[in-house]
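Okay, so chain A shows up in both of these, paired with chain B first and chain C after.
Coming up: the complex of A and B.
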């Protein structure tokens, strides 16, 4: 076939919402040749997923195509009927999704789900379908394919579920695969294996792929061509190498600048001046460490989440904890915040042991106001019935006996201002705030009691890169101004490298490696650290020229 | 979640189920004990003196009343009565009913099948209506069909069972004469089947007396419909809500994106998942119906346990009421256990360990 496989022409998509119609996509055009790989990148609300759902006609009832045309192999499928779609979906074009475990039927074995797809498009018996399902599981490199044919999705890891999803998507040899954030939420090493598999399979079978992602590095590494979307429009499109080295559009440039790379600094991300050096003076002899953790253990029913972890933190120092899911980094942060009790071990804060106080009594301990936490999900960690003001005032009302309501208001407004939250937003409720604003409320709440140690549990994981850049800058500035100690938990190694003076790499509850960030990232000692670093997708110009 | 995670071991499932059933039954014992003691005390606190009630005659004196009281053991201290009662129960003796003059156990065993048959039929009827209605409403939310279903459900809930029961009798017995005389499980002149299970429909079917079966079914249909109408709403609304949630889920979107047929998506992918919460609700509905069908039993002169207990309560007859409450509590525990086991079979995610 010579013509393009997929052609999207001047597509407009409108959603009818309670507040009236919203134009999610405002006239985009894309072209995809057979076997080509196209990356569609953009931040949330850019319309990238909506475009993909329009192509496969999976938009929900509220969304509709108001204008434009979608052609597949020259055939207009903009208004395809149910019957026509049934033939296209799965056999000519298929999709894989974010959150692979949710995308699989929880009460049907994966073998049967793959067989369902095969039998929907081929006249074969159940036995033949099962045989072919087994072959497909082998093709996507599932461990123990025979045994896992009868496994339920909840018995498989997230990465394995995504492999099953890929097996289903390629079962009927479609010509086009649309991958919508296929590795968001997966660990970085899992992401690499899944993406490598996806790239290899699509290449082997001559399938075209559209990769929709917020991660520029991922698009750069796995796609020949990349389209950048902003608020329903394609602002720039071109070959990946050209686009990332010499971006034309200011939005692309901003996006690239805001994405952490292996050499960037916090100041680079927001194109600001280099920050003043930290105020921290060397610790005077005889004064205690801010935090000292000795032989920390945490045992859950069958697994040991934290296994003999010891480290120290100087006053005003920032220490990063990195690791994949199951590494125990979040458990450690909760242990140190005294939200949960350790099975064994000692936590000494400012010369005093705090491990002995049970977690449910710790709110009465004098150290409670000195150790505060910023949570991962800015939405779920705010009470939906509290205004921003109440959220920030909450720890003050609990822990600080302020003389008057006026003093409280003054303190809340001061914290909000320091976190870059405009005063007029203080009366709003969480659902009326953007993700970045909610993150600011969470940070303002954490610094309200003027703590000395701030535990940050993936504070920017749920944010778009441009918002993440601003929040990271804010956190960095706060630390330098106040001499706060940070315990920074993240799965993103680049973020930790920029934010932290020292880094600890964790794996399955144990410390694999620790040391000054610069040295650790430049010359990792442990094999596991090297593996983690190698798995990060990147678009550094010099790195991209290296042979893959 | 590392990519290397192994699937959980899948062997020894039934052993685990057995262990769990045992644990659940054991853990129900304190609750049942609490129910026993509470009902016992409640009956003593309620006004009314059974001795006065049963000794009452035209010229009863205090001496006779005291004699009856002594006979019934009511002159002993409260804790002694309780201990004796508990001791009797451990030996399977629920006491005697003063109204019927029979052991309470005999009475309950005689009447329980009538109540169970009525409740089962009503639940089956309700489910067979509620599931299609809920599914149709979920497939076409906001349309006329959805509104009609909602109206029906509201109606079913709003009208008390004694009103809907009388209405059904009025229409189908009095006006149309389609239904038989609404008194009891069988016409008084009809031949009863041999007592095998106590469930008339089953007993008639076992002896292949199809005429008798039809007669029994005819008697059953009106009271069962009355009860079914009442529980239609929770079942249909639950089906609709969970069906809507499942239809909007990621895995239904996956099934659509892979070109599975419309019916396969609705039945295999959506409905099977949507039925899980309906199963839970059905258990609760069943237990509620069993106790709450006293009005229906009264309206249709149905010889069930609930109307038996009500009569005993009005007569200050302690033993049948206590026996009835214990029976209900036991059935409640069993039904919940059964639902849990069914849930474990239907949903592989439910932990059986």
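Coming up: the complex of A and C.
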């Protein structure tokens, strides 16, 4: 074998910002042999994507390489000119991105876009390019390749769009493929098919691959070697099997501990005390259930988002709703919260029907303060013009007539403290807070009125694993201390298993399976549940197969 | 408060064009308020023996056909034109933002009906529409304001509608409803303040346009009547003397008009940066 395909030596990248220069990458070195797969894992801000952009010269103007060297097949490309780059991109290295739909041109058919790539690098006719594009679509296993050659990106699903991106990336037989979070935002089952395809294609064609991801399981499963990045440095690098079984660096250890696995509990994720014992006594006979949902339907123009869903929730119980996109789990959470109206069905909260009050009048209902919600994206869920204090105080001002401003302040500070939000952050605006801090504000706001049912709509989906671990712990503690009922909506099965006593699996608006979490995950009855479970990437030592 | 000032200072330092525009706009407002104290002569008193004098030390912008000081008339004209522009824009902003926000938030039939009405309105040549309105309602400053406000309305409705529409399903809007806010309060207390920064740009651009519109109406003889000092009338009256070489009658009021429109247009971008909380650190 000849020398390495790609060599990155002591790379430094600096961004100039309003508050002065920021060192995004502070001296990293990587080597990649032809045909090798390298996983680069790290949390947001670790510099993993920036490194990939530097290699492919896609850094925006604010960022520049201040030191170090990038060699491709022994040739220095650190300061390659535009002409040299055009030769390299596509035919020597190619890249696929997160959000495939955004990366495709919406007004050109996918066949033409693939043909464009082919014709940019080869002297071939339009007809030949179309033939080759069709072959490529077959190679990436697109359903009905002939028909979809003339499809526009919006006519294809997210997973199919990512396959088109892969087809474009391999069109000119590059030696290196850089995949930047290629499956973030896709469902687990789609993620599995896309990743399996990517792994097979790169192996068949002898391509090297750099997989950039925040998901340790994904890196472990699809890469032979893994580099862990933290704040612009590679803190640890090694064979995937060794790295995950015996991590050396404390950061790697923390990251692995924070990633939910098939067997972990909330307490495992963060070092700390054992959780307080739950304060839930069995429901006295004659007292009502916290929530009873009967035959819930929600019809949108042509699709039935929720199709005959019924379940119950005991006071203080936590119930998980899992499913992929389109399963209706978010619609159900908004129906229960009475933010939207059901087409048919009954919702009984604490013995009283609340489905009869239209959603637009529900703000006056006495139950409004008892049912609160935590949203998925912590950034989107805070009013940009409200300080953290105002965000938490708002439901109190509307729903709880507190006697004085001092009482309000005391209550807000108490909620913030319980959510681990330092008092001095209360005056900040959302854009001045980190993702984890914003999530805490969102939770503090939801518990401010002391609700009895908390609907959690993917509360940690937008957070890094280490932050997710802390937030999950916080939510778990809150529930145990306050006897809150949780309706926990998530696409992440491991998270639901840890957080919920019972789980409901949804698919296309219908309940596929429900039961106690432990039993459901240990011995799933429905084929769909088994498929979902099998699709989760993992790095459990006993389950990890040594790549052939 | 000091943080706000620091932020304004930062925006202006990084953006000299905005700073110049802001200075210009401040000057215009100052002149409008203090015209009686600033003007060296009475803008209406005629002094025929002194007519049509070119610019000099005594009359910086010369005198007109009745011997009135053009510079004093321009200073007084600032008052009339700015008053019309500000009232008209405030009116159309207040109505347009509220109507547009509700259309964007509620959607459905209301949105469709209002949307089509706006389309109809925009299909008219707007200046001609304003002319027709003033002609029909009668020649008064109030009616010029009403007409100018009316033809600006569609822009605000569309703008507010679009800005609210992209935000209505965001988490913080749903959170407000879960916190016990009615739809009315969500629109007025949550959505409107958030679309303000974007609308500030529109307001500033519109001010320039409204000044031009008011001056245009009086130029063609609608609205304000002589001898009120107003830029449009001054240009109209001066136009008769342009062929005889009395250029200053048209040039100075025209320049005032141009500079003030330019000022407000350039101010727009800076305003957006100042009002957007995300630009602060």
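In this text, the second predicted complex is superposed on the first by the 543 of 548 C-alpha atoms of A that agree within 3 Å, B and C clash if a C-alpha of one lies under 4 Å from a C-alpha of the other, contacts with A are read in each partner's own complex, and residues count from 1 in each chain.
Criterion: a contact is a pair of C-beta atoms (placed from the backbone, for glycine too) under 8 Å apart; a residue touches a chain by one contact, two chains touch by 3 or more.
All values reported here derive from a predicted model rather than from experimental measurement.
J.: Scan A:189 for contacts with chain B and chain C and give back first, second, both or neither.
T.: After superposition on chain A, A:189 lies in contact with chain B alone.
J.: May I ask you to name which of chain B and chain C touches more residues of chain A?
T.: B
J.: For A:304, select first, second, both or neither according to whether it touches chain B, chain C, the two together, or no partner.
T.: So A:304 meets neither chain B nor chain C here.
J.: In the superposed arrangement, does A:324 touch chain B (first), chain C (second), both or neither?
T.: first
J.: Who does A:381 touch here: chain B (first), chain C (second), both, or neither?
T.: A:381 sits against chain C, while chain B stays out of touch.
J.: What is the contact status of A:337 with respect to chain B (first) and chain C (second): first, second, both, or neither?
T.: second
J.: So, does A:26 touch the first partner chain B, the second partner chain C, both, or neither?
T.: neither
J.: Spell out the residues on chain C that touch chain A in their complex, using ranges where they run on.
T.: Checking each residue of chain C against chain A gives 170-172, 174-183, 190, 193-194, 277-278, 280-281.
J.: Hey, which residues of chain A end up touching chain C in the complex?
T.: Result: residues 18-19, 334, 337, 339, 359-360, 363-364, 368-369, 371-373, 375-377, 380-386, 394-395, 398-399, 429, 431-432, 442, 445-446 of chain A touch chain C.
J.: Considering the complex alone, what residue numbers of chain B touch chain A?
T.: Those residues of chain B that touch chain A are 1-8, 10, 248-251, 253-262, 264, 268-269, 272-273, 276, 346-349.
J.: For a test of understanding, state which residues of chain A touch chain B in their complex under the given definition.
T.: Against chain B, chain A makes touches at 56, 58, 60, 82, 85-91, 94-95, 97, 99, 102-108, 116-117, 120-121, 143-144, 147-148, 150-152, 154-160, 165, 168-169, 171-172, 186-187, 189-190, 193, 324-326.
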